[in-house]
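Heads up, there are several structures right after this.
In what follows, chain A forms one complex with chain B and a second complex with chain C.
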Partner chain A sequence: MTEVLAILRGIHGVWLREIMRATRDRGQLLGGVSRPLIWLMILGVGLNPYFRGEVFGEVKMVLPFNYLQFLFPAVIVLNIMYTSIQFAVSVIWDREFGFLREVLVSPMPRWAVLLGKVLGGATAATGHGTLVLILARFADVTLTAPQVFAAIGYMFALSFALTCFGVVLAGKVRSFEGFGVFSNTLILPMYFASSSVFPLDPSLTRTQLSTSYPEWLLWLIRVNPITYAVDALRGILIGFHQFPAMIGYALVAAGCAGFFAWALRSFGK
Partner chain B sequence: MSALAKGWRRPLRDISLLAGFLAAVSFLPADTSLAERQASGQLRYCVADQNSPLIRDPAAGGPGPELRLMQAAAGRLGVQLRLVEVANIGRSFNPADWNLTRAQCDVLGGGLADSAANRGFMTLIPTGQQIALRRSGTAEEPPPGTKVGVFAGTAGLDRVRLSGFMRSRGWQPVPLRREADLRAWIAGGAPAIFLSLTPLPEGTAHHPLAAEAGEVRDLVFGLWRGDTTFTRAFREAISQGGDAGLKQPPPLRGMN
Partner chain C sequence: MTLAATPAPGAAALPPAIDVRGLTLRYGAHVALDNLSLSVAAGSSFALLGPNGAGKSTLMSVLSTLRLADAGEVRVAGHDVRRASRAVRQSIGMVFQDPSLDDRLSAEENLDFHGRVYGMPGRARAEAIDRMLALVELEDWREAVVRSFSGGMKRRLEIARALMHAPKILFLDEPTVGLDAQTRNKIWAYLEAERRTRGLTLFTTTHYIEEVAGADQICIVDKGRIIAEGSPEALRREMGQPWLHVTPASEADYAALLAAFPEARTPSPGDLSLAVTGESFVPDLLARFGNQLSALRYEAPTLEGVFLSLTGRALRDRADGAREAQRSAGRRAGRR
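Showing the complex of A and B:
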């Protein structure tokens, strides 16, 4: 029993350190606010008129939402992706400056150290996702309390999976500079190829879709797990799915378990 | 104050400032749709027929329930309501042929049903009314081969489904374009299928249609999708209900 309490205290300590570091990093906080402002208030407002209805019966976007509402959940996922994956920088930092070595030689099991770090990263990423919810009024998304709680719960699970993925990446990349390039060539392509900024009309058949988008792009979107992560959050926030809802939840759950196991294998190598 | 609490003061202040900034920014207008209507001072409300019972109360002669709601909403938005009758509505199966554009209408109503097709075209806001198809004539269904008048109006009910239902019964549909045509058809003693809100000659017996012909649907106001600020303001104005809280409902500006 004392052993369990000691491990829990250790996890709490590592988690608290990550939270303190995330909240004291003003650059990271500003990034968490500037991203939604740029994506929602500049890109969203700029493109909204092009998806607007002009003639009754004419189809531009056969979704019962305007472009801002459609984009809103995707911007939250983008904020979470950046914060979670960038969390790997803290792992590289700890490795570079010896903190990780000190923690790993402590009596705490390796999985508990990793869990504390990942929980800290996931909490920070969830915080960044939750900040975007404040802009719901701007996007004309009406949220109820159960929706907000469900969204925060889902965001935490997604953040956990992506933070573990960040730790896996940190195990592959040995320098800060290398990670910067790596993350930019990973986050943005995954985000854009996820039907986050343009809709795949669910009322169209596969053949009809192929006339709107080239087959290779449809393939990329369908194999991209972020597609389903965004789709599940859209289901929670605006009640709209382009794919069966369970795919998103199942992928995030599998991501949490799979990436944690993978991260544990590479952690502290 | 403990050192730990002191240590959290700055991060908490930063987060509060950023959250406050985002909250303030969320009050910026996302588009000019509301400002444009308020600058023009009028709200164009397009209907198929200004004599529909939703627009004109056939018993009292005053405004019908939907028009009263619109008048109150226009008053709350600080604009005058302009009723625009668009005779094109319902003339073709393809709504694109009705030539209803943003330049012509701000809100579409007067019998618009909440359907998947209409949801694809517009943002729909419930009026609190419902609509369904009914059949005039005897309680027993007419035999196959009977000519049955059809007044499907503009509601956006599933006409394909209705057509399939009529085929399954072996009835011959006779399209009736206006309410006057319907009344004349019923006066002639022939059975007809019509929208539940249509005023009928006194004493006309009518019955619900079988479920396979179509379900009861909510009636809605249709707003152009993408008009974010106008839609929010209109929804808020409508949600306050009828003309409660309004000192004097604004008069109609005119009719086209």
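Showing the complex of A and C:
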């Protein structure tokens, strides 16, 4: 019992340190605030009037939503992606500046150290996702309390999976500079190729889709897990799905377990 | 800086703090630790001395459970490092060679983090933070971010942190490298106080002779093996070689001395270093060559000399560099 309590104290300590570091990192905080503003208030507002289709000479919304509403959940996912994957920098920092050894010679089991760290990173990323929720009013998204709770819960699970993925990346990358390049060449392509900034019109048949979009892009979107992650959050926030919601939940759950196990293998070596 | 040569009271009855038998560890074909055995008495101050790459850090990482040995039995604080690694880690404190503080957190936050990770409850943690900051005289810097600390302050904070969970054994890897003499003395004073009051065992690795002169027991390692072991005095007595450095008055005298002592070393042109082989060596030399010398210096045995005579190499690179500089300065002087 005291054993369990000691491990819990350790996990809490590691978590607390990540939170302190995240809240003191002005640059990261600034990015977390400015990114959704740019994406929603400039890109979203700018493209909003063009988000409609022409059917039989009549201009109509393709979806029962405007562009800001459609984009809103995707911007949350983008903010979470940045913060979670950038978390790898914290892991590299600990390794390069020797702090990791302080934790590895402590009586805490390795899995508990990693769990504390990942929970800390996931909390910070969820915080950055929740920041975007405050902008809901400007994106014409009205939210009920249960929707907000469901969204935060889902965001935390997504953050956890992506943070573990960041730790895996940290194990593969040897330098800070290398990681900066790596994360930028990873995050934005994943985001764009995920039906996050444009819809795949569900009313179109497969053949019609193929005439509107090149086949390779459709293929990229379908194999990209971020597609389903965004789609599930869209379901929670604006009640719109392009794919079955269960795919998103299942992928996030699998990502949490799979990436944590993978991260544990590479952590502390 | 001087540590008492006597172990803490009651230490004789305790099992050894560290017991290593037949430890072997290889990195591929390279043997880092070669069938190494050693025992450290509880409450004593033990120093592991050796050049860079001798296997000191590897041994330290085995003792702190960070690395598993290929063969051999290792017990730390009575626990087997392989089977009870968490019990071992709970009983040891580590001060690493390179700083391992989070320099974005304050002194207090660094200590608080350590206390949590070692499972200390809130009140015990708060008390330990107060006591430790007082021990290393950093109370006034409690809230300051570690980034603003000097090297010596960081080292003191690291020692405070390593002692916070009341470990039985404290490992120090090159603890006072790059620190001024005042800070070095302070640090050894804190450590000695802890050793006196609660029987802490100190395990220091270093390639600085000054650092270990006060240790109870010294172990000299080279290429993964122990090449000498004992108290500093015993090592100096048994293996130390006194030297007589002489400067002959003229070139003819130089040749005469070199003919009489063909095994003499020539540290710089015009000088000779003679190994003192017995009590009558110096009087005999003075009787024979006394009026042919312009200068003469007797060098008592040092640990540095012990290492030199055991391995034929200097203990640290700095000494090599100094000797090199001396030699080239001598060459330049000789040319003039």
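Simple rule for what comes next: the second predicted complex is superposed on the first by the 259 of 269 C-alpha atoms of A that agree within 3 Å, B and C clash if a C-alpha of one lies under 4 Å from a C-alpha of the other, contacts with A are read in each partner's own complex, and residues count from 1 in each chain.
The criterion applied here is as follows: a residue touches a chain if its C-beta (ideal position, glycine included) is under 8 Å from a C-beta of that chain, and two chains touch if they have at least 3 such contacts.
Small disclaimer: the values here were computed from a predicted structure and weren't measured.
Partner contacting the larger number of chain A residues, of chain B and chain C: B.
Judged by the touch definition given at the top, the superposed model places A:Leu158 against neither chain B nor chain C.
Once the two complexes are overlaid on the shared chain, A:Met20 sits against chain B and chain C alike. In the superposition on chain A, A:Met41 makes contact with chain B only, while chain C stays out of contact range.
In the superposition on chain A, A:Phe51 makes contact with chain B only, while chain C stays out of contact range.
Of the two partner chains placed around the shared chain by superposition, neither chain B nor chain C is touched by A:Leu114. Using the contact criterion defined above for the overlaid structures, shared-chain residue A:Asp140 touches chain B, although it does not reach chain C. Judged by the touch definition given at the top, the superposed model places A:Val103 against chain C, while chain B stays out of reach. Contacts of A:Met190 after superposition on the shared chain: neither chain B nor chain C is touched. Taken together, the two structures place residues 20, 24 of chain A in contact with chain B in one case and with chain C in the other.
Per the touch definition, chain A reaches chain C in the complex via residues 2, 5-7, 9-10, 12-14, 16-17, 20-21, 24, 97-99, 101-109, 113.
Against chain B, in their complex, chain A makes its touches with residues 20, 23-24, 26, 29-30, 32-33, 36-37, 41, 44-45, 48-49, 51-59, 61-68, 127, 131-132, 134-140, 203.
Contact residues of chain B toward chain A in the complex are 7-8, 10-12, 14-15, 18-19, 21-23, 25-28, 30-31, 94-102, 105, 108, 119-124, 222, 224-228, 231-232. Across the complex, chain A is touched by residues 64-66, 86-87, 89-90, 92, 94, 96, 98-105, 109, 112-121, 161 of chain C.
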